[in-house]
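In what follows, a structure is listed as structure tokens, so that the remarks can point back to it.
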Amino acid sequence: MTTIPMETGLLLAGVLFMLGLISVMIRRNIIFMLISVEIMLNAAGLAFIVAGSHWAQPDGQIMFIFILTMAAAEVSVGLALILQIHHQLKTLNSDAANFMRG
Amino acid sequence: MILVWLIVILMVGGVLAWISGKVNRALSRWVALGSVLAVFGLTLYLWLSNPVPVLGSAWLIQFTQPWIPQWGISFSLAIDGLSLLMLLLTFFIGLLAVLISWREIQTKVAFFHFNLLWVLAGITGVFLTMDLFLFYFFWEVMLIPMYFLIGIWGHENRRYAAFKFFIFTQASGLLMLLAILGLYFIHGNQTGVYTFSYFELLNTTLAPEAARLLMFGFLAAFLVKLPVVPFHSWLPDAHSEAPTAGSVILAGLLLKTGAYGLLRFVLPLFPTATVEFAPWAMLLGVIGIIYGAILAFSQTDLKRLVAYTSVSHMGFVILGVFAFNEWALQGVVMQMITHGLSTGALFIIAGFLYERLHTRDIRQMGGFWSTAPKMGVIALIFVMASLGLPGLGNFIAEFLTLVGSWQANNWLTVFATIGLVMATIYSLRIMQKIFFEANHMEQALPDLNAREMLIAIPMVAMILWLGLYPQSVLDTARPSIQEQLQAYTETPLEHEHVAEVAAPETETSVVNDVEWKPSSNFQISTSPNPSTSKASTPLIIKSSN
Amino acid sequence: MELTFYIAAAVAVLATIMVITRYNMIHALLYLVVSFLAVAVVFLTMGAPFMAALEVIVYAGAIVVLIIFVIMMLSLTREDVEQEKAWLQPKLWMGPALLSFVLLAELVYLLVIAEMPAAPAVAGSYVDARAVGLALYGPYVLGVQLSGILLMAGIVGAYHLGRQKKKVIHRFLQEKEPQKERSAAI
Amino acid sequence: MTLTDFQHLMPLLILTFAVLVSMLVIAVGRNHKIMYVITAVSFLAAFASLFELRDVGRYTIEPLLVVDGFGVFYIGMMLLAALLISMLSYAYFEQREERKEEYYMLLLLATIGACVLVISKHFASLFLGIEILSVSLYALIAYLRTRERSNEAGIKYLILAAFSSAFLLFGMALVYASTGTMEFAGIAAAIANFTELPLLLLTGFGLMIVGIGFKLSVVPFHMWAPDVYEGAPAPVTAFIATVSKGGVLGVLIRFFMEVDGFRYPTLVLIFTIVAIASMLAGNLLALLQRNVKRILAYSSIAHLGYLLVAFLAGNQMGVEAVTFYLVAYFITTVGAFGVVAMLSDKERDAEQLEDYRALLWRRPWTAAVFTAMLLSLAGIPLTAGFVGKFYILAAGVNTQLWLLVVMLALNSVIGLFYYIRIVAVMFQQPEAEAEIQPRGRLRPSIYVASVGTLTVLALLLVYIGVYPSGLLQIIQGLLVTSTAP
Amino acid sequence: MEELLWLIPALPFAGALLLVLLGNRISRALVSAIGVGSVGISAAITLVLGIEYLTSRPSFIRQEVWQWFDVAGFSPSIAFHLDALSMVFIFVITFVGFLIHIYSTEYMAEDKDYARFFACMNLFVGSMLMLVMADNLLLLYLGWEGVGLCSYLLIGFWYKEPANGYAARKAFIITRVGDTAIAIGLFMLFQQFGTLHIQSISTEAVQVWTIGNETAVIIAFLLLGGAVGKSGQLPLQTWLPDAMAGPTPVSALIHAATMVTAGVYLIARMHVVFELAPAAMMAVAVIGAITLLIAGFAALTQYDIKRVLAYSTISQVGYMFLALGVGAWSAGVFHFMIHGFFKALLFLCAGAIILALHHEQDMRKMGGLSKKLPVVFYTFLIGAASLAAFPLVSAGFYSKDQILWLQLAGENGNIWLYLAGLLGAFITSIYTFRMVFLTFYGEEKTHVGHKPTWAITVPLIVLAVLSFAGGFIELPHNFGHVVLFSDFLAPILPAVSIVPDFTQYEWMLQLLAAVISLGGIFIAYLFYYKKPELIDSIHRSEFAMAVHRFWHSGWGFDQLYDALFVRPYVYLSKVNKSDFIDSFYTFLADATQGLHDLFSRSQTGIMRNYVAGIVVGAIMILTISLLL
């Protein structure tokens, strides 16, 4: 039904992916980093949908569901951890968590 | 089976010595002494019962048991004259090592003897094994205990020395492993039989390029172990920092594994590549002789000095090995044995001195002859041995090596011979600084006690025996040397320098009847290779029979 | 349809850019919701209506809300926004942005020059919820079970890590995922 | 899902069941010992159930999983490793007042994830396996919440793992877009006719490598490893170093063998660079490091590099070599971290080099075991590590990967330095009497399991080092059924 | 009796061994008994064997003790070979050695290391016997090196003094340089003949080589190198004057009976090879000539009595080389024997003087000893006369005259060599009698302590008799024509071929030699006894003093070698003491550590950097994908 070429969809996914990537790299706030990773995961999911729609298969959508699941689990654990860190360090600065190095 | 026992006794003895140390410190010494005596006795028995190996095959005993059949690896041991001699040396030196540690080692005695025996076991394995995988296995096995010997019981700078020793030998060993693997696969691809068996791999035909690379792999390990000059720098540190027993084993045995490897593996496996490489190898040998001698001269640390003499002496080994004739190889074998004894003895003397003075700095020594004449005499004998005085074993070794290498390369031999002068220079310095001149030390130096004499006297006896009647050793080594040289009997190199043999009108001619087998590398030939440009005149052979 | 796609795509990209440039976290999250909604529209244009719904429910709903809860719990203040501003100095993000740009350029270039495989003969790429459901509980049923296990791991982990003096968070974390039952189904 | 499907997934079922039982047990009442026993028994049972699958041949559960000799062996290996790790965990967690019970659940879950990985033949199961593993690990790493470094390690691992997962997913999506299938076999069939990979697919593979490489902690995706190793509890570190990496490596091998990725010079080049960089960077980073856990982290980076050498050999022998080396590496790593765990006290892990000074004099047997482990890592004979390294070199030489092989040899030498350095520290003479006294510890009975495990590991190490034939037979027997397409 | 041959070298060895083992635990008397006795019995056996040999006249006696070793046809034996040549040498070695041993019992009586001294002396005699009796060159080499060792031990006998140690090492090392040449010569000989058996080589050589064969020349030169080293000839003569550091009996032994004559023996023994190498022969003669002059001039300026004697030895051995160089083999050997007698005598006398003067060796502090030490004086005078070739009555006259004459009469002779010899003779008599006058005449400058007893005087007298009468066994044609000695050697050493029609001038040459000798003595008398102020006037001249210093230092050879070899060697060694090759490995290690630091810096602990790391990796991978 759609006439959108696959590369356009993939391009969109790629751009979103890269935006997430930039964000992970420039943000110091751990929550922002988590959010950025979610953007990236979402972009990957989009890529799957695009590919699935191109091949007219449900597989891409199923992968998206799995990604969704994973993102949720990820975020829950991540937020729990962030709470702990905020509790301990009183900051969300990821750079502050650099006790281990070398 | 007796061969397996040799290794097993040592390994089990080592463990027992460790365990028995929990009971009593002295007990582990006795256990160690007992095990080494046992294997020494066994080997001696072997030697005496088989004085002349069967003609045709150099091998006396063989033992093979599949180990990792998937890779064609077997637990394969075999002994020939060469191995037998090396084992005798190993256990003799091992015995001395136990004895000299009797008083010197006072901490972790049990563990010390464990390591000592395991080093010996590893060395025994190296000398016996006929499977290249197993060879590498033992090659590495002997390093760890040695590392501990240096690293735990050594002198001040022991950790550095132990690291250096370990890393040098490992690095080179890995290259050998690569070469072994290369050989394994080449042989496997050729014949379809994938095996690490030495005897099988001997039949591999190699492309020149491959042969060259593989040979360098093997050479890397052996030359570093030997050591040959640019790769020698681990040796002075390791030797000087090790405890006496460690130095003795290092100098007496570990270096010999390199020489043994050259003889056993490099020569027969890569006949053409070695012939190509021979002039360079001999050059390295000569450089080693001279370089080691020069450096030995200026050392002030006694053990370091002796260590550099080892570098120099081992130069003769590589010089001889790459001369590819029986004289040189017999010289090499003799050199291995006599150097083990003489340098070992010098290290033992250094150990005696260190025990008494707690220094190895020869600048602080002097004039000990007056208080310790026995030590002086013994030191003198071994110093003389180290400079190659005729009548002592080292002379036979060096002379035969040089006679052999002369046939291969005149100029290098000339320079090697000059090394003898340099040997005099550094050797006399040892005597001068320690035993002569005035004594400016406060403390008196007690002379050797009974235990120490028990160590020293057999060594003196051995070195004299080897110098005056080495025939029994030479006879034992001959068949295996001829076997190692088999591949070279047809090479043009041999034709180049065949000498004219005149029949001496003495009894020697009788001996010649027996020994002049066609298999000897010393071939009777009337067609000298026209390519020779040497000063040596073409020869006329008159065989004695 | 195409136009819808392009508009939605543009909105998604713009919203995402806004997300990554906001100093205030709540603002950013609201933009994130916009972005997700736009992506949901894209899904629709791609013929995946079921996924569009899930996107809205789970991403824009559950996940973002969860994050907002946490932010609220951490009671972020005006200073944090200032802090965020300070952290986002151009000199700090120039390097990473450059790296990302290189990567993006490469990816775009690769995607553009890459020849796309021809679409299968079967026309129409509309994959409805039914097809998805059949696949999910047909061949992919093991996957569903595995995602159950995944969620269980997430729950157990979050439970352990999130446990604090304040019981409130505890309860939040425990109740956040309705799929819990499924994990027990295996 | 048929009954036979379930039969073939028996180990996974057992583990899942154990998780549920654990949950119930926790609900009834918390008891460390019971949890510990349940975990150990379930690992054992799962392992035992593998014997039924010995001659499985190749059983596929379409479209996600395939149970074959390769998978069975890897599962067995990882189950054993997990078992040993759980054995070592008891004493470690007993002295900490944290809630200990969830740890075992998470351990079980993570193991399930790793097991799924090695038997997956589809991107979905691959992805789910990885994520089960990762999500469990997030919590495991940060498990000791009161320790300041564990949160740091946890969040680092979480963000970075999710980040790399995104790459993995995007790569998968591109591959899927390019081939229209997510099954390994399907992809293989789709690209079989290409002599050169289409760019889209290549990009997909490349991005997947990022994700996989992160999990394997190969250079340049390695930076998390030392921090996470340091921050995580010692048994968890052991788990990350062994099971987690083993699972990922397993699926990587399966995928590559299936699609025959060795035909494509681009991929080979990428892996070659990664392998060399890993070996070099790992060893160089470890060189003067003074934190033992970090040393082991760096060394594991290097070891993954070694493994890639055999992996790149790309034939039957290479796979065998990887597998054999993995076994050796598992034993060694678990043993090494076991020693670390055993020497750790309530406050902190025994991770500074100073903690090991004169260990030989304080605890001779522990020192001996640790020495054996380190020597095995260094590839010294009489240990499994030697045979493993030999195998890898053999595989490399066989395929004539001279550059890699020489780099491996060179790096082994650098590696020697820091392994031996630890040994040297342990063998130093004690400076004062005080050092000879062991630090305050729990009652000895707690350590029975740890001591037993370490003993087993040490014996296994030497056994395989001296007589590798048996293991070899098993590996060859099991692998021969699976890698043949 | 022939079976006893092996005992001749074995006995001194056994004595040495016994003394080493027993050491200082036994009484001095027993030490003397063992030390002197072993050499004495050897001498006795030599005498018996000698008589037997003279009566039965076999070409040679060979006794193999055991086969040393046998490697691929290289099979030297421990075997002894006795023929006329070795007979002469054995005789001199054992008898002179025996006398020196007796002398030592008194000379060394006070020394702490009495046993060690005799052990070394015995070893010395034994090694030298081994050298001259060896039936193959390898065994000869054994003795050859053994002699070097003993010289080292004995020269450095008083080891507390570093200078003595230096001299000892110098002796050993310099002679070892020559030994290296021999060793190479042996390699070549072996390559040529497949054996080192001397007789075989001698018979084979003439068949294989034509005269002037290149190989033969090289070999001859190499052997010459060894001979030069041991015999203290140019250019390896520098060790010999320093060798005076040892106790005087040692000097006597080295200079008279053993060591320095080893070179003469070797050349005589290998005369077949040398005859095939005329260039080498010429070199032998030229070296002899130059050495005898240089050493003579150096001797002129020495003050240390032993150094004068040392230079005189160098000079006299130069005469022997001169003889050998022109093929006058038996003349050379004859001079060796005579020289053995009188040089031993002179040294022992010097020893007696030194002992009497509390170890004073400077002749300027001696004087007027003719009264105090009459026996020493008269025997010294006989020795000096022999050394200075005092016409008719001294043995030295006959032996030296023969050499000089053959320089002209021999076919290989040469007028220049003759003149050099003649000049040498002149100088010899000057410095010899300079010594006599300075020591025994004039006023007494040092108090005489120890008076020699029988153990010193008996050897002196015996040697004096030999130095006086030894010459009469070989008299020139026009002078009784006794040729006992050359006849004795004739089967071994070919006679020199005489230029025909030259014999009638022989008496003229003899007269010239006599005049030269007497003239030398007269000059010495003039300068050192009658008008010592002449010396002072010479000393006032700047140039003369420079020459004096130059000669005194032995023509600056020591300084030359020091600058040329010793110092560069020591510098090279010292500068590289810590082994520059090692620094390469240190560099490797440092570089690795540097890389470690570099890499470690990447582990910042900051997560964003790690993310960046992953991104860089991704970029790398994509770039590779793009480019390939």
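Structure notes:
First chain written, first letter: the chains are A, B, C, D and E, and each begins at residue 1.
Throughout what follows, contacts are C-beta pairs under 8 Å (C-beta built on N, C-alpha and C of every residue); 3 or more make two chains touch, one makes a residue touch a chain.
Bear in mind that the values here come from a model prediction, so they are computed numbers and not experimental data.
Among the remaining chains, those touching chain A and also chain C are D, E.
Any chain that touches chain A and also touches chain B is listed here: D, E. Distance from the centre of chain C peaks at E, each centre being the average of the chain's Cα atoms. Central chain assignment: B. Criterion: smallest distance from chain C-alpha mean to the mean of all protein C-alpha atoms.
Comparing chain pairs A-E and A-D by the number of C-beta pairs in contact, the larger count belongs to A-D. If you average the Cα atoms of chain C and of chain E, the two centres end up 102 Å apart.
Annotation: 78 Å between the Cα-based centres of chain D and chain E. Measuring from the averaged C-alpha position of chain B to that of chain E gives a distance of 36 Å. The centroid of the Cα atoms in chain B and the matching centroid in chain D are 44 Å apart.
For chain C, residues that reach two or more other chains under the stated contact definition are 96, 99-100, 103, 107, 110-111, 114, 116-117, 120, 140, 143, 147, 150, 153-154, 157-159, 161.
Chain D has residues 124, 128, 131, 135, 138-139, 142, 145, 154-156, 159, 163, 177, 180, 199, 202-203, 226-227, 289 in contact with two or more other chains.
The residues of chain B never reach two or more other chains; the list is empty.
Pairs of chains in mutual contact: A-C, A-D, A-E, B-D, B-E, C-D, C-E, D-E.
Chain E makes touch with chain B in their complex at residues 20, 23-24, 62, 64, 66-79, 112, 116, 135, 138, 141-142, 144-146, 149, 152-153, 156, 159-162, 165, 168-169, 172-173, 176-177, 179-180, 183-184, 186-188, 190-195, 197, 199-201, 204, 208, 213-215, 218, 569-570, 572-574, 576-577, 579, 581-582, 584-585. Interface residues of chain C, counted against chain D in their complex, comprise 107, 110-111, 113-117, 120, 139-143, 146-147, 149-150, 152-154, 156-161, 163, 184, 186. Those residues of chain C lying in contact with chain A across their complex are 1-2, 5, 9, 12-13, 16-17, 19-20, 25, 28-29, 32, 35-36, 39, 42-43, 45-48, 50-51, 54-55, 58-59, 62-63, 66-67, 70-71, 73-74, 80, 84, 87-88, 92-93, 96-97, 99-101, 103-104, 107-108, 111-112, 114, 116-117, 119-120, 122, 124-127, 131-132, 134-136, 140, 143, 147, 150-151, 153-155, 157-159, 161-162, 164, 169, 173, 176-177, 179.
Chain contact summary for the complex, chain C toward chain E: residues 95-96, 99-100, 102-103, 106-107, 109-110.
On chain E, the positions that touch chain D within their shared complex are 592-593, 595-596, 599-600, 602-603, 605, 607, 609-611, 613-614, 616-618, 620-622, 624-625, 628.
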